[in-house]
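Provided herewith is a single structure, encoded as structure tokens, for subsequent inquiry.
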Amino acid sequence: MSAHTDTIDEFVASDYKYGFVTDIESESLEPGLNEDVVRFISAKKNEPEWLLEWRLKALRHFEKMESPTWPHVKYPPVDFQDISYYSAPKKKGDGPKSLDEVDPKLLETYEKLGVPLHERARLAGVAVDAVFDSESIGTTFKEDLASAGVIFCSISEAVQEHPELVKKYLGTVVPYTDNFYATLNSAVFSDGSFVYIPKGTRCPMELSTYFRINAANTGQFERTLIVAEESSHVSYLEGCTAPMRDENQLHAAVVELVALDNAEIKYSTVQNWYPGDEEGRGGIYNFVTKRGICKTNAKISWTQVETGSAITWKYPSVILQGDNSIGEFYSVALTNKAQQADTGTKMVHIGKNTRSTIVSKGISAGKGQNSYRGLVQVGKKAKNARNFSQCDSLLIGDKCGAHTFPYIEAKNPSASIEHEATTSKIGEDQIFYCNQRGLEPQDAVNMIVNGFCKEVFRELPMEFAVEAQKLLDVSLEGSVG
Amino acid sequence: MSSATTNETPPAPVEAFAQVEQAGGPLLPLRKAGLARFAERGYPTTNDEDWRFTSLKSLTDLPFLPTLEPLDQALGLADIAEITFGQHDVNRLVFVDGHFSSDLSVISEQTDGVTVTNLSSSLNGLENEIGSLSANDENPFIGLNDAFFTDGALIRIPANGRLSKLVHLVFISTANEAGQAAHIRNWIEAGANAQGTIIESHLSLGQAAASTNVVTETRVNAGANLEHIKFQDQSLNAIHLASLHSELSDDARYAFHSFALGARLSRNNLRMRLAKPGIECVLNGLYMTRANQLADHHMIVDHAAPHCDSHEYFNGILDDQSRGVFHGRIVVQPVAQKTDAKQTNKNLILSDNATANTKPQLEIYADDVKCTHGATIGEMDDDAIFYLRARGLDTKTARRMLMHGFAGEIVDRIQHDGIREELDELVWNRLEGEHHLD
Amino acid sequence: MLEIKNLQAGIENKPILKGIDLSVNAGEVHAIMGPNGSGKSTLASVLAGRDGYDVTGGEVLLQDDDLLDLAPEERAREGVFLAFQYPVEIPGVNSAYFLRSAVNEIRKHRGEEELDAMNFLKAVKAKMKELGLSEDFLKRPVNAGFSGGEKKRNEILQMAMLNPKLAVLDETDSGLDIDALRIVADGVNRLKGTDNAQVVITHYQRLLDYIVPDFVHVLYDGRIIKSGDKTLAHELEEKGYDWLIRDAA
């Protein structure tokens, strides 16, 4: 028992690689949330009147709301007046016209994170939008994408350049009244990505956004909107990191996906915000609303690898409105140290012959608490709707927890819904077997965990699957023997 | 998550309590505390996570008329001659609207220190026991029951003893005025290594929108083996609210079977506490609903000790506009290593307007455990139908056989042969009456 | 007995069987072999009438009656028995009840008297003994919780009880150890008669050491590309399928 436990303890005590701070002059708002703050953000971004009005409506609504208590996570109440709602690297004059003019320190930061933005070092075949605190600092491959008719830019830029598109779709999937954190986001969102794929277009490369929180005491409230016109296709990936700080920081994002008839959106996340330490000091509160809507024959697929954040609270969802539409959710969530995750999905079947698949793999180590929470809802008209859900939990060590909270509702007799869940631990016999074949205990654990997550990793774009696997290994470092 | 009522006026139970208070008695402190707990929370609403799919509007719209005195209904043995399980050789305790009827009851003399009687006949000494297993539950209907219960069964089997015959508890509602509410309280205790089988029937003779609120506390001591069958077949206007609190000790075996066939609205809260190692706990249920019925089973199985097994199997067959609700939570405490817990909920929906809601949950804080749950909602399995047809059975027979099998899975787990056979036939006959069978 | 002529079938517009011709006489045992995906199980499913397969051409005659027009249960009553590759678990349905219902449906169809519970039990228990199945088996639900070997033996028991004219065994050997295989094969051999026929579908030659076929057919890409006697099976065991596939291409 002891040898096993020792290595488990060791395993839990690994370091966060991305915890450095970039020393850069920032322009930050004083902490506090009020109408002036919202007006300031909107003015800073030179927004049209309708958008300011929308933000203000959200703020007024937010003031009447209470923070949700149903997630299976524990944390002290967040003081929303103690957060700065805007922070951006200080610009010289009008700000950089292109990536070449961006402060070298910022470029260096992304280089260190493994996301080079320089033309010569860019990741081949992947266009990147880099968001630093509240601002997008630049987007690569813009011209190449433009020639295919694809718009990929920060949402602030989209408000200026393509206001008709933003106005048409913003808030249509996640209305500003949706939930506590989505409403807050609607009032104060700063930046995020905007993607538009024209009709019949297959986006020629992977699109990706890299989110970095740097400044202290700030929240990041990004807003991403992806619109795939009829018969188009896009694969999008986001990555997230933050410095190690002792206090908690709030990240409350909203992502909206619109997949029109026959369109397909694949959205992948590798979330590695700073998780805090063993005692639960510091780390990001990751309270995110992600939702997509599918029209006829459309498909939305969410894949997430969640290894970071002190608290994760997110349910990437699909509204299957159109007939024959498909929703998928593939998730790996790892909680180590004192991390808590309450994550899952909602599949809302409205159209006929709609199908959804849920594969959730939760790994709990250290004192981590990992909950799957998912809703499968089949409406009256969703004839022949099909759902299959598989939720597996893996426990490493005896101080962690794994929980499963599915909600299933069916109102149609032709629906077929299957939900299965299992909980298991990494067996000493499994590790021994690997040891006996000459593998180090740590490698054995990594191998077993990676095997456990295989169904999800294979949904990620190739280069990110490798990244995700490495990330999981690092997050698990020092946990077994 | 507020559970307070939206009513401006205080809920009627508070006023009705005056009569209870006047009557006094050794349980008055319990009753007062119960009323206070109810008054604080009021009736649950669908904003309350535990009542999310079960609206109590059909109850809260009614006046609160607890049947503190027997209603004016003279029943004779002929009135209950035809009831289910009526032909078995049993000890039978019959309660009408929450009041014990010695005329209708048949109790042979008990030997070896076994007690089978009505609770109110021997309240003294029970004041520290009643409520001891249910007190920590926030369900406001328990507070209401504490305050208003009139009677119920008291069954004690001493260590190494056994029930010589089946004990059949029959609860009959004769209410013919909407809002009349019977409050029933049962206390069951099986001593170390004791054995027995208990059947609990809930029936209606009246057709009013009347309610039954029953709280049962069951203590199953070390090595005891108790089988408990609950058969609820009340009128389609009735409201049935039940709460079962069982505490199990070392190596105990407890099997609880719930058959929810009747009532406009039925709710069974099942709270199992597996307090010592080596326990085997089985919760097994079948709900068959039609018209606008709602059947809700809400259970928490708390594994608070290592090496225990728990299994929950609930099948639902839903027709017409009815709704089946299942909430099953398995909690595995940090100490409960080597837990083996399984939970399944399967639903067959027969009509376009029926709804199934299911929430099978696992909450696990120990690592060396085997826990699984599964839930399905759907039509009958096409592969199974084909298999039967490939053996020469026509589609209609195949469907009937599968439906019977679906219910039979649950019925088959009853250990008592006579009861199992009678229930099997009863369920089969009910299924034959389903208009969407074919 | 069985006459398959230019049978073409598929799923959702995807052709799988592309013209099968096969003639099986009473008293014969035919083995159908072929690599994975060649259409073996589809053939079995189409013969038994499983939903979801579209027959796009050809015909299947059982003693001159057109089989394809019949519902699955009518085919079963006419004497077609499919031993499933994956016997379906039917929780809650008692094995004895199920089997007696099936036996009596078929007896009724043949104009024979139905078996009462006593006579049925006598008959089934005798067969179970031959197959090494314990008696508690009858009390258990159909296939639910059975091991792979038990499921396959249950198929053979049903076959023995239903006494078909044409038995189609779909990969009955898969998942069996050598002892179970022997029991199953013995059961099949015992049923062999001059008035019935057997079609044994298998991926491996192994089973054919125990159930000796009169004819062996190789199915590939929806067609029978070679037929021969039992030596063909041995040849396949040694050389694999590639040489045949190359020849066919």
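Points worth noting:
Which chain is which? They are A, B and C, in the order written, and residues in each are numbered from 1.
The definition used in the following text is that contacts are C-beta pairs under 8 Å (C-beta built on N, C-alpha and C of every residue); 3 or more make two chains touch, one makes a residue touch a chain.
A quick note: this is a predicted structure, and the numbers were derived from the prediction, not measured.
Counting C-beta pairs in contact, the chain pair with the highest total is A-B. Set against the C-alpha centre of subunit A, every other chain centre is closer than that of C.
Separating the CA-averaged centres of subunit B and subunit C is a span of 47 Å. Note on chain placement: the centre of subunit A and the centre of subunit B lie 44 Å apart, centres being C-alpha means. Distance between chain centres (mean CA atoms), subunit A to subunit C: 52 Å.
Contact residues of subunit B toward subunit C in the complex are 381-384, 386-395, 397-398, 401-402, 404-410, 412. Against subunit B, the residues of subunit C that register as touching in their complex are 48-51, 71-73, 75-77, 81-82, 84, 87-94, 97-98, 101-102, 105-106, 109, 141, 158, 162.
Contacts from subunit A toward subunit B in the complex involve residues 69-70, 72, 378, 380, 393, 395-425. On subunit B, the positions that touch subunit A within their shared complex are 1, 49, 53, 334, 337, 347, 349-379.
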